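Chains: A, B, C, D and E, in written order; residue numbering restarts at 1 for each.
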Amino acid sequence: MPPVAAPEAGFPWIVLAILLPLAGMVAALPLGRHARALALLLIPAGLVVALLLAAQVWREGEVTYALGGWTPPLGIALRADGFSAVMVVTTAVVLLGVALFAQSSFRAPPGEETRAALLFWALLLGLWGALNAAFLGNDLFNLYVALELLTLAAVPMASLEARAETLAAALRYLFFALAGSVLYLLGAVLLYGAYGTLDITLLAERAGPEPVTWAAAALMTAGLLAKTALFPLHLWLPPAHAGAPAAASAVLSALVVKASFFLVLRLWFDALPGVMTAAAGQLLAALGAGAILFGSVLALHQVRMKLLVAYSTVAQLGYLFLMVPLAGGGGAAQPWDAGAWSGGVLHAVSHAFAKAAMFLAAGLFLRAAGHDRIAELRGMGAALPMVTLAFGLAGLSLLGLPPSGGFIAKWLLLTTAMASGQWWWALVMFAGGLLAAGYVFRALTPLLARTETPVLPGRPVPRHQQWAVLGLALCSVALGVAPLMPFALLQVGRPEAAEEGIG
Amino acid sequence: MTALWLLDLCLVAVILAVALSAVAARDLFAATVFFVAYGLLIALAWVRLDAVDVALAEAAIGAGLTGVLLLGVTARVHMEARTPGPGRGMRLAIGAGCAAVSVALAAAVLSLPVPAPSLVPAVEAAIPATGLGNPVTAVLLAFRGYDTLLETLVLLLALLGVWSLAPDRLWGGRPGLRHRARPEGTLAWLGRLLPPIGLLVGVYVFWIGSDQPGGAFQAGTILAAVWLLAIMAGLSDAPPVRSLALRLVLVAGPVVFLGIGTAGLFVAGAFLGYPPAAAKTLIVTVEAALTLSIAATLALLVAGAPERAP
Amino acid sequence: MTATLYGLTGAALVGIGLYGLIVRRHALRRLLAFNLLGSGVFLLFGAVAERAGPGGDPVPHAMIITGIVVALAATALGVALVLHLARETGRAEPDPPEG
Amino acid sequence: MTAALPWLALGFPVALLLACLARPVRAHMLALLPVAPLPALATALSGPVGLVEEGPWLLLGMALALDATGAVFLGATALLWIAAGAYAAAYLRGKALAERFAAFWLLTLTGGLGVFLAADIVSFYLSFALVSLTAYGLVVHEETARAHRAAFIYILLALSGEICLLLGFMLLAAAADSLLIAPAVAALPDSPWRDLTLLLLVAGFGLKAGLVPLHVWLPLAHPAAPTPASAVLSGALVKAGIFGLLRFLPLEAGMPAWGEALALAGLFTAFYGVAIGVTQSNPKTVLAYSTVSQMGLVTALLGVALAEANAGVGAAAALHAAHHALAKGALFLAVGVVAATGRDRLGWVLAAAAVLAVALGGLPLTGGALAKLAMKEPLGEGYVGRLAGLTSVTTTVLMVHFLRCLAATAAEAPAAAAPRGLVVPWLVAALAALLVPWGLHLAGEEGALAYALAPAILWEQLWPVLLGALIALALARWVRLPALPEGDLVVLGEGTARRVAPLLRPPRIAPPPLRPRRGLTLALTRAERVLREWPAAGLSLLAVMLLLGASVALLP
Amino acid sequence: MRGALLPLLVLATSLVPAVVIFFLSEHAWRTRTAINIAGAVGKLALVAYMLDSVAAGAEYELRFPLVPGLDFLLRVDALALLFVTLSAALWLLTTIYAIAYLGEGPHQSRFFGFFSLCVAATTGIALSGSLITFFIFYELLTLSTWPLVVHRGDGESFAAGRKYLAYTLGGSTSLLLGIVWLEGLVGPIEFTRHGTLAGLDSATLGICFLLLVGGLAVKAAIVPLHAWLPAAMVAPAPVSALLHAVAVVKAGAFGILRVVLDVFGIGLVQAEGLGVPLAAMASLTILYGSLRALAQDDIKRRLAFSTVSQVSYITLGVALAGPVAAVGGLVHLVHQGLMKITLFFCAGALAETLHIHKVGEMDGAGRRMPLTMLAFSIAALGMIGVPPVAGFVSKWYLGVGGLQAGQVWVIFVLAGSSLLNAAYFLPLVYRAWFVPPPGERAGGWTPLLAREGHWGLVLPPVATAAVALAAGLFAAVALSPLGWARLIVARDYGL
């Protein structure tokens, strides 16, 4: 084995995608009050890098990169397949929207440095880097570090306002996330003990169904589920997400929970494909189904809008796990796998946009009205029509109604559920859609109510924030109009057998 | 063999007993004390497991700094939880679940393959290219340098997280309460005595790290402890958070690491790669910077969020 | 043999840590339990490294060091949060009072 | 030219109506009424034209036709429409809502004429519906309580009739796969739904023609409407029913059972109408019952024809219809004239009315006699024929009763004189009632005149009239008849409806009280409270972990 | 290329105005009106252009794949054009009406934006060439209608909106389940390929039919899924017009047409015996709706229940599964739209101008607003089925078609319905024309136009009434609704 590998072909966009935000985070600290400017500069640049990476994956197929030239198992490799490229691009787009939104809320007065203004941007950059590291890592231990990086960026974000309840929420979040990471690490340790490597690609070749792997799979999955807040491990999510500042909630709900979901899929489909069983897939899907029903009903009964949106996240995360048995997790490759895979991922992406838009919109309502009690937001629709429209459009995607990315995603999941004979998951999805309609419209109803005197926002809401919200919502809808590109991209790095589509 | 085996058995028994006590102790302070003791015992276990680097790290970080952190805070919060814990049935169920997890883990451990797969040969094959003698340092800074890079960023982020809890009006201020030790008290005495020794030890641990057990993390921790001691003794004050110099020290390690790593892109053909000829020099440079930053970061982590106006 | 012994100890510590993490109400006790849990994992990892032969496998050792540092970072954040929570509410429990 | 005449006949009134959208025309709307039927009269006079299919783009393909029978119906009713129109112009001048009346008049007129011209089922139905529904506007015109009631009963029955007809027509068309009347009727005997079709058609037309018990609208509507409207209702509109029967019964094929039944129903109606009529005191009501009775007679005639497959009955029916239309129309107009005439000038008015009235009973030398004569043969010698003969007696009884009632309605002021605008149209109609049947009779076969004037025939016609007059006088003198309500049976129906209506109103169901939280929700909210507990969450984590392990390790 | 562009253009004529209007300021009255009218006129022009060529046998198609196995397909065939023409024409009139009706009210940009979006969705429904495309627009319709239903923004509106959503989304769920199920079995379903379902077993076919039609039946307001419709009448009159005549219920009925004619095919529906139960449900709805209408005192509620009843004629027509009945159902799609929109226009005008909301307040309305009430009367008579108004033609074809399909009972349903229609419509007409208005005992025949409201409230109902009359009077013309329906059926049956 040569200690130093041959240089990779092509420009290492994959490295840059991680490097850029992390370097930004490091630089933000000494830059102080200029951190905002730095972030606003880096995020568009990062989007370009993400797109170039995606283009590279699209053109050349899967991209792998041995860091330092040390090839696995000794070294650490980065790997970008279609799925990770899509997630990286999604992250960049959502962050762009959030950054546009936040650039006026987290802005220090001239010549001065304030706590929130510095830390928000530094944490945001760190979080971004952590996300990209999680999406692009191919080494289980490295992914553990990336997850911890993510947690340590996300928790302070959730408690940025440092009120008692957000502190408590953040602390619970921290504990749960840490427990999840440790369990994940424990699984990784076992895998190393059994196979002498933590590289996903190598593990896929070496790992077989045996006690160590079983234990490892159970530990790692459970740990990741805790971090994803899949029912019944969701206790930390609603208070943490609802208590954070709007921009932070958007990132947390749209992206952070997706990282651990992403790793679940990596683990099941890429690292241990031979280990997972059909029963385990059904178990995951059952938890997902529980999340859908449970989260939706609870969302339906929330009094505060941000909590409603947070519980909606709990519910929507459930859909992601329905894809596991549908996409062939724990079984032989089936013709419908590609459909389910695309459906699940598309759902993750469109939910990211939609949920970011919803949280930002909720934040604007909160800002304008001074509170976010749904019933008392009467007439806000007239005061903030664009935001209301954005909320509605995002809701559209959550409902899975056309035309939206959520619809296409749901459609793919539904057709595969039927095609694979697992109609019960289809029923769950239908029920979830109806419940989602219930809570989305419950939130919209007071907004559109007509009041005797026109409602004026308590504090003015800048135009650019409204555009940012609308832009994110439109992204989610646009996915329903032209999802073909992501679909093909998603298949890069997937087994050939799944290329057929769902006919 | 048998003696060692018995020693191991005793050590393990004590470790488990202390761990149980730490969990079961009524009182937070007692639990913390048990925990510090536990950390030292575990360090011993690491020695028994032929992992001196880890033992050092565990003693310095796991037992030392964590202990200081926890002990420091016990004085400032209520010792007891006010709400009662879960009922007996619940505790029983949880206990059973935990036991089941342990049993399953034990089964997994027992079923690990023989011979164990290992990367020892790979490390031995690759280590010459780094010019280092300590394989652990080689792994940390070369083979898995990326992990280490992220790890330093984790520390930095954690520091940011701690700072984020400062009240807005005190932003930029100094962390923690001002320590005023009696000038002729033990603490002051220790504070005057220990830093030079600690400094020496720290530099030594850093310096041998490339070939012997030791390295940036251990050294950084020792230096951090020294600084903390000095602060506690009232010999120096924690710097204000807004200080640019402090911030530059904090990011120096990551910046150097990132810089050299990026240079590797052009020089060695890969990010975080080193040209074999200059490998050791570069690695030591990185380590030096890291040591500095880690020391500052760890110390400030323990010191806490800004609590005093600058 | 030694490796297995410490591996089993690690497994037991994981159980103890988990129990403490779940059962304890006080935030610092939970942090403590988390550290126990973590060190159990590291110990298990160390046992795995030791199985590779005399001197042990340096790769896990490096990872453990990383892990210890990460755990410290998390603990530090946790402690800071607890401190501020206690300052805000007078309690060091993150769970809502009525449960 | 002749082919275009039927279109003109129908189009002209519609065109006039549309012209009324213009304000200047609308100011003279009443004057248009007597003008509107002129093309129809011209069409009738120019004689049968056969099938005219010039409206393939109208409705479902509209076709018109005029045969001999149709021409008689058309001509006689057109005459009546002209006379009544002129009468109405005078009657309503300066009164409120005259324009509305005129609009409905024109619509009714169009429909009334269209019935006789339609050659396809849809056009026929359109015409029939038009006449039925728009006549409502004529009936209700006065807007008195009585008018409202009459109009309500009228529209209720008219609609029911329409529905019956619509269904009948659908059945007819579906069975024949043709929309033209002639082939459709020819195919009826072979239709799978033959009896149903016939039942519906007879009900629909019978309703219009006043067949008992579907006659109840007639004695209500005719008195309630303004006088000229009563005239056309009784003279022209009911003819549409008769004409419908004539057109749609498969007379060529014959159906004995149906024929018998129809004949019996007709006879019953003929006598029933008289029996109720003599209890009435309003002259218009009496006339209405007389119409019921007369239409019963014609129905009986058609029944016999149906039973005997006598397709040639059309001429006799047409003759009767022509006479009845004009005579009855003139009598109604007379009611209006009498009401405006004082005691002083009443004599000659009553005399003229008497001639017309008794003519209905078959007074020799009048059109009525000729009609009876024409019907004699088709009615045959059976019991139907004999009973039909008796109607001459009963009709006379009723008509004498009518004259007595009429005389009682003269104007208070002895010197009052009816305006010329009323008198002239009345006299024209009366004259036409006398002359038109003669014209028709003479246009028939050779020797018709001699036959009609044969003494035996004359006697045969005279004695029932005399008998009837005697009976009527006797009744008036010695018998005190009960005063039955107008519309007789309808009272029963109304009573029932009043009692049933509240039952039909849906009960108000109070909405169930909103339960604050439903079972599932409550359970889930509670579950959430438990799961939010830290230990519970931790236990869940353990459980998920162990379950996952089990599912990976132990299950397939 | 031009062929593919046309359907898109037709869609764009309402979609683009919708999007543009959303972003217009409230006060841009002129611009908004101009855009609205221009879109509507443009759409009509395009439709007119296509009518001719489609009659000659041309078809336009636009297809692009969304994801593999899911094509977005727009296709202009005769049936599509029937619906598009109706919606395009009524859109123009409704827009004129709405501009006059809303006057200076608030939230106009929102209103007209969703209004146009609604029409765009309807157009999309009409042009959909596959089940999934249909579903996409069907849902778009659901969602774009909701803001219109709750436009007034009061509690009652929101209650109605909630009901509307609860029902329609439930229906969509059923529909989607049906689609997913069927497509899971046979792949994408397009409306042109007949016989794709031939291989399936009876039970599956039956369940899928139930799911599809059951889902569509919600919008088509078939009993017992109709309750949203009467509740939704709280919306402003133009919206009711839209709901009842142009878009929503029509979309449901149209969907049923598509499912029966183009997804299952008449033959299969007949062979599996699926038509008769559907026809029975439709008949039940027809009678039930009429009975309920009879009991309503609020004019718009009465009209709403009338819609429940009338729309089921369309369903009945196709369910009878015979060519003549199908013509009746198809043509009623147009006829019902024309007549019902007239009624709602008039009801709205009465409410706006004379503040008449209840049946009892109609006295003398004809004397005060003769043109409006003339239109109302024509439409009401048409609903009853009186010739020569269009409604008669529908009933005739339904009746004869039912008989030819061997279902004699159908004509009695029609008869009962006609009687009931008369029973609840004629009192309105009667009061308007034959009862003097309150306080005007000796009121004369007022001059035309004397007290009519804004011309924008008068012209649309008069126009639609005139068209309804003409559609019946000139039914035999080739381009009449009837002629077009015959063409569709002739093509579908290969006659």
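Observations on the model:
In this text, a residue touches a chain if its C-beta (ideal position, glycine included) is under 8 Å from a C-beta of that chain, and two chains touch if they have at least 3 such contacts.
All values reported here derive from a predicted model rather than from experimental measurement.
Note on connectivity: the fewest steps through touching chains from subunit B to subunit E is 2. Least step count on the touch graph, subunit B to subunit D: 1. Taking the mean of all protein Cα atoms as the centre, the chain whose own Cα mean lies nearest is E. Inter-chain contacts peak for the pair B-C, counting C-beta pairs in contact.
Ranking all chains by how far their C-alpha centres lie from the centre of subunit A, first place goes to D.
Centroid analysis (C-alpha atoms only) places D farthest from subunit C.
Averaged Cα coordinates give subunit C a centre that lies 100 Å from the centre of subunit D.
With each centre defined as the average position of its C-alpha atoms, the distance from subunit A to subunit C rounds to 27 Å.
With each centre defined as the average position of its C-alpha atoms, the distance from subunit A to subunit D rounds to 78 Å.
Centroids of subunit C and subunit E (each the mean of its C-alpha atoms) stand 67 Å apart. For subunit A, the set of residues touching two or more other chains reads 74, 141, 145, 148, 152, 155-156, 159, 162, 167, 172, 179, 186, 190, 193, 211, 214-215, 218. Those residues of subunit C in touch with two or more other chains are numbered 14, 18, 21-23, 25, 31, 44, 48, 51, 59, 63, 66, 70, 73-74, 77, 81-82, 84, 93-96, 99. Those residues of subunit B in touch with two or more other chains are numbered 85-86, 94, 97-98, 101, 104-105, 108-109, 112, 116-119, 123, 143-144, 147, 151, 154, 157-158, 161, 165.
Across the whole structure, chains are in contact as follows: A-B, A-C, A-D, A-E, B-C, B-D, C-D, D-E.
Residues 517, 520-521, 524-525, 527-528, 531-534, 537-538, 540-541, 544-549, 551-553, 555-556 of subunit D touch subunit A in their complex.
Within the complex formed with subunit C, the residues of subunit A that make contact are 74, 141, 144-145, 148, 151-152, 155-156, 159, 162-164, 167-172, 174-175, 178-179, 182, 185-186, 189-190, 192-193.
Listing the residues of subunit D that touch subunit E in their complex gives 21, 23, 56-62, 96-100, 122, 125-126, 129-130, 133, 137, 140, 143, 148, 151, 155, 159-160, 162-164, 166-167, 170-171, 173-175, 193, 196, 505-506.
On the subunit B side of its complex with subunit C, the touching residues are 4-5, 8-9, 12, 15-16, 19-20, 22-23, 28, 31-32, 35, 38-39, 42, 45-46, 48-51, 53-54, 57-58, 61-62, 65-66, 69-70, 73-74, 76-78, 80-86, 91, 94-95, 97-99, 101-103, 105-106, 108-110, 112, 116-120, 123, 135-136, 138-140, 143-144, 147-148, 151, 154-155, 157-159, 161-162, 165, 215, 217, 294, 298, 301-302, 304-305.
Subunit C meets subunit B in the complex at residues 1-20, 22-26, 28-29, 31-33, 35-36, 39, 42-44, 46-59, 61-66, 68-77, 79-84, 86, 90-93, 95, 97, 99.
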